[in-house]
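So, here's a batch of structures to check.
Both complexes shown next keep chain A, but they swap its partner, so chain B is in the first and chain C is in the second.
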Partner chain A sequence: MDAFEWMSPQDIEQAARAATTTVAAAMVRDSGEPAAGDALLKAGGIDLLDLMKEGLLKPRRLIHLRNIAGLDRIEGAEGGLRIGPNVTLSQLASHAEVRMRFRALAQAAGASASPQIRHLATLGGNLLQRPRCWYLRSRAHHCTRKGGDRCFAFGGENQYHAIFDHKGCAIVHPSTCATALIAFGARLEITGPRGARRAPSVEEFLLLPEADLHRENTLEPGEIVTAIVLPAPAQATRSLHIKQCETESFDWPLADVAVVLDLESGVCRKAAVVLGAAAPAPHRARAAEAALTGKRIEEPVIRVAARAALQGAAPLAKNGYKLPIFETLLRRALLAATEG
Partner chain B sequence: MSAGTRTQLQPVGIAGVSLGQAERPVGAEEAPALAPNAQLSCIGRSAPRINGHAKVTGSATYTVDVTLPGMLHARILRSPHPHARILSLDTGAAEREPGVRAVHVIEHPIGRAIEIAGPGEAGPARRQLRYVGDPIAAVAAVTAHAAQAALERIRIEYQPLPFVIDIEAARQSDAPPVFDRPVRTEVFGGPAAQLPQHGNVHGPDTSASRGDAAAALSAAEILIEGEFHTQVQTHCCLEPHALLADWRDEGLTVYMSTQFTAGIRAELATALGLPLSRVRVVVDAMGGGFGSKSRIGNDVLAAVALSRKAHAPVRLVLDRHEEQIDSGNRPATVQHIRAGARRDGTLTAVAIEAYGTAGVALGAGVGNFAQSIYDCPNFSLAQSDVFIHAGPGCAMRAPGNVPGAFAYEQIIDELAERLALDPLELRERIDSSPVRREERRIGAERFRWSRRLAPGGGQGALKRGLGMAQSHWPALVHTNCACEVRILRDGSVEVRSSVQDIGTGVGTVLAQVVAEELGLSPGDIVVRIGDTDFPAGPPSYGSRTTASLTPPARNAACLALRKLIAAIAPTLGTTPEGLTLRNGRISSSDGLHSIGFREAAGRLRTEQIGAVASRCDDYGGFGHRMGDFAFARNGLGGVQFAEVTVDTETGRVRVERVLAVHDCGRPINPRQIESQVHGGILQGISYALFEQRILDAPTGHMLNPNLEQYRILRSRETPAIEVHVLENYQGTSATDAYGIAEPSIIATAPAIANAVYNAIGVRVRTLPMTPAVILEALGRLPHRS
Partner chain C sequence: MPHNTAPHASRCTQGVTGATVGPGAAAIRLEVNGIVRALAVLPSETLAEVLRERLALTGTKIACDRGACSSCTVWVDGAPVCSCMVLAIEVDGHRVTSIEGLAGEALHPVQSAFIEHDAIQCGFCTPGLVMSCVALLESHPHPTEEEVKAAIGGHLCRCGTYPHVIAAVLDVARKGKRSP
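And now, the complex of A and B:
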């Protein structure tokens, strides 16, 4: 890892001005070495440091966002919650209101990574981290996402790759928090380099390869996520996030699911069903949602919905096993959400 | 009986079961027979680890903590290609980089199979690279960063060549050959027999066969057959390979994380043409080796060469990526087994066809497990190495027997089921070991084996299963092994040996043995180890350290005490003959003379007295012997029971509980033994369920060269573990102690596999048993169009 400068701005504008590019853009190259000389934004630094140690990024300067005041709060906003991007995963997982009203998010955050990492990793960074695809993370593989001309997962080791929407690139989105955020209909607040603001939903913010092969989201150079906003859930909302990894400690999911159900005396008025580790962005299972909406949530309905969630799945040579896992997790999540 | 020997009565048998005494011939210098542990005060007690406090507080000195004035840092340039010829190599620009002090090109790499040059043939003119990570050159610079930067300035023109990394593809006759010529290799104790080599297939080695397996199989009343696949596991030592080489005119000193200081010294002396007396190898604290730190490698020779060139100490530490791709691994195997038996369970024939791959190295065999553990008159084993373009395998904790037991103990489990016999009952019939019989009895009772249901018998998606498997490992002894005990004038005591503590706690064991003999506490003994300036100790591999070193440690203590008694007897106005040490005092049998140990030492004429003792043969002799090491007459047993749950809808296997009953002769430090067994079980679970080197067939690169995507057992995968250790006295040495490290991993994976079968009623013959593998075995994968 090369030496770099450390900058610790006090406000968002200063930080936004200092950033020269995004992490995703800095990793795109024609071939050979990553460009040197970038100034990159850094929150917890968990992913950034990994990428630097692997030689995939060689920034000249890191812009440390953790000292900017006001970005580490969780506060009420119009009946929902406004979460600062510097809130750590452990803060999120232990926050009483998050646990009570947005249980799936607390579960996703609380089961991520390891306790040590959860104390450092931020929600903003979790959302913006690069995928774990081993071809993306290998200097030896110049893949499409880094500006190369092929996705090595096709015809390669694709057991941990996508079963949906993998046109041109088969990464899965790495954030389990994103799975839950999309299920809750969360929006982002983003500040641009000249104070411009926008507020896309997380679902709009995250991109599929068919929209852009080189990045997982619409973040532009100099843009900073300044808040993650959870809208007020309906009174009788039940939510749940569960995942399965190969190991229970410190592992990435083979499959994860978030369900958010608005239940009125056992009948589902509205359902959000999102699959993580299934596609390059969390996969909204609309057929499953339709199968649940207006129905009393009972075993047969759950079975139909769980099967419907996998409509259109196109597993690769080595990841067909993910289908029964998703179907099972979803069935169990719906059952547990209804019961709890 | 030859001169200088005597006979003495030794405790023999299993404590609490069959303990008695037997007469043994022993050498004249041997200490008197040691009583069973129940009568001792240091041996058999769980003395705290002498470096435990330093380790947990961070003050222990690992090799990476050693610094020397003017020290340089080295990094290694490695092949980016799985197979390539070097057409040209220019180090000029790298040598001119700021901060660079020396560049060394690795022309003749070691630690792999080596091609034999034909008569009159010089070696190949150009270096051929045979795996991604194959070391090419090394640079020493004032910082590691400068060294790394300089690597990128070495100009190399590669001619990429066709490669193969899949074991099945490599066996085909048209596969790109890893070696163009026959290869030579050596095993410990001498060269291996020359075996046929066709393409990438080296072998088969059939030397373990006996009887006529083919005929007996065709006549067998019962036939069991199965094919088993095991993966490559990497050692994953938490402490990486590290050394600091300091070449000076007066000699070479190497500080190095190693499992065998004395062996490294000998290898370095040979490789460099130096006398042994000019080479010193030093290690203090270590974070594991598991076989991968047994010998010198290219990293060691490169660092020494750089130190010599740069006239400065050179430090070289591998990073995790290098650890994963080029520090050895447990080879993959494919084993096809056919076993024939009579209806009463008696094994009549076993035929095993095995091939495995250690990448560019040899040694992917299946050990001596199947040929040794159960009686079977007709046995055939044909094992071959298959070369692929991947990093060399090397010894890893119970090499061969770990994959061997995974397969064979499942075959035995299957045979039991076919015969409608409990797996324990079948083993009562076919296992002649009285030690394992007792281990099965204890284990079955404590594990409550009788609650085991029929295979797949549980209700619901989550199925529970119980399984068991047995271990077999030779009891090894290193005979080139010595220890010194010194008694100083102030009553302090030192024990000295070049032996290294790789984390097993051998230093603590030495302190216990010496303290027992001198009537002191382990804390009174200063342990000086990990330095070839001390008498050459054994390696810490092959589960032989305690077996090899504790007898000479006890004998040296006994001799030093005799010298002390002889020295001070005149000051008591008596002769040494009647004086013995009892309850911390040197006293005459008539009770007229008595003096405390410390006070006695104070009467020495010189600052210290001491004695060096070396390992003699086991009383009654060894089974057989190869060079510096020997096989004791009896092997080591061990039985493990596993309880698992299998989620049949997600394929998730969870090990809930493992109960292990083991033997290691006389246990010296029960807590340390238990710790070793825990380590073996955890590594065994990790092997069974998680670990796997994944190579990318199109590019030859390892895709998980880290500890993130290379899945490994961590805290939440750790089951409840119970360990029971027998006191199994055999009366074969001054301490009667043997090893435990390797026996403790052998039975784990098959016990889990048998438990998985018991849970789901489907046999899983592939490792690791990931959700994908389990779901496939259960027929739950979607049908592909």
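And now, the complex of A and C:
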């Protein structure tokens, strides 16, 4: 890696003042070399160092967030949980209350990457990692997301790309945890150089290409995610996350689903159904949610809902195989969620 | 962990926060295999590079250099991590255990079991695999086969030694020997 300066601030304000831009903005350029001179935020560094090693970022300075006290806690908040952004995926996956009350999130965190990566990777960084699209991650491809004028996935190798909402860019959102966070209605506390902003839901925070081609979220330069807040779930909530990979061991999913059901004696009062690795932001399957609401969750209802989840899908040349995978994952998730 | 408590070792102090250092070398102190080391490292140097190139602990292997093969696995404060994705400056004040820190007079029982079960072919992934397997047995002395598979799930072995690795770990667990 190229040399850089290192700053390890003790508080959020100091970190917010020091950051000059976001990683997404730093990767947008006319052509050629990435800009030098940026000061960028670093948590676990798994995504950031990867982008630097690939020559896609050349920061002048890294601002290490992991020595800021208090950002690595999980605490109760108004019946729900307030999770610090520096909490690692392994802490999240093994936390007793997360496992019991927010099972889908513990499952999503525990099924991401490898044990070695989960010990380093943070929830904040997981949510803010850049997409895995191989054209985005290739220095040789000046794609729309980096300020170029075409998305190479159209007419290219698009087997891992989006089946929904791929207007102008066909990335899928890379965060497996985000699938579960959206299903639980999580919100983000965010502080910038001018103080805290109104806490957006994760769903509002993540952007589709039609809103912005160059970034996956509304993070502004100097803004720091200071907490991920899970609202109190209804008493009889059942949740489940499952992912399907190409191999049994560590990898980003081909498809993943999170379901959160509020059940009262077998009848679904409220449902959240979210598809991951399906679209540039986790895809809320509203037609599936409607098909479940007010119903007893049984085989025929499950079958209708799983089919409905794929309404509006527009697979590309090489990713039509994702449709039956999503449908099967959803049927499994809904069945398993009601059983246990 | 027993192999980290050499009598001459003392805990490093936490590195200075707040100040900006680099791009040239910065001073860090860390404990490696029970010995406190004071080093000057570039902020851009990874822990894997520093272990290999500055401390000549070449048992730790760098293969993919992206956290995707786990051959560089070492422990930081007892937890297995990919040392290619950790900066040396981040572990200022922390405790690192590499493959060289496992054996005492004799090999660690997991190392012996790898030999006994022929769990090594080219050997490049082996140090990392051993670090993951020992870490597993420290926290789960009697793992199931599924738990062993989950613990080594991040490791790539192109020779395909996985079944032998699993057999070796289960054998150590069965015999109940966990330290050299």
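Here are some notes:
Please note the rule applied: the second predicted complex is superposed on the first by the 339 of 340 C-alpha atoms of A that agree within 3 Å, B and C clash if a C-alpha of one lies under 4 Å from a C-alpha of the other, contacts with A are read in each partner's own complex, and residues count from 1 in each chain.
Methods note: a contact is a pair of C-beta atoms (placed from the backbone, for glycine too) under 8 Å apart; a residue touches a chain by one contact, two chains touch by 3 or more.
As the structure is a prediction and not an experimental result, all values here were calculated from the model.
By the document's definition of touching, both partners, chain B and chain C, reach A:Phe250.
In the superposition on chain A, A:Ser201 makes contact with neither chain B nor chain C. Of the two partner chains placed by the overlay, only chain C lies in contact with A:Ser8; chain B stays clear of it. Once chain A of one complex is fitted onto chain A of the other, the partner contacts of A:Thr293 are absent, as it touches neither chain B nor chain C.
When the shared chain is aligned, chain B comes close enough to touch A:Gly320, but chain C does not.
With both structures placed on the common chain, the touch criterion links A:Ile46 to chain C but leaves chain B unconnected. Contacts of A:His141 after superposition on the shared chain: chain B is touched, whereas chain C is not. Comparing which residues of chain A touch chain B with which touch chain C, the overlap comprises 1-3, 248-250.
Looking at the complex, you find that chain A touches chain C at residues 1-10, 14, 44-46, 49-50, 53, 61-62, 64, 66-67, 90, 113-117, 119-120, 248-250. Chain C contributes residues 15, 17-24, 26, 42-44, 46, 65-68, 70, 73, 76, 79-82, 85-87, 89-90, 132, 150-151, 153-155 to its touches with chain A in the complex. Here chain A touches chain B in the complex through residues 1-3, 132, 134-135, 138, 140-141, 152, 155-157, 159, 244, 246-251, 254, 315, 318, 320-321, 323-325, 328-329, going by the rule given at the top. Partner chain A is touched in their complex by these residues of chain B: 80, 132, 145, 461, 647, 649-652, 689-690, 694, 696-699, 701, 703-704, 708-709, 711-717, 770-772, 775-776, 780-782, 784.
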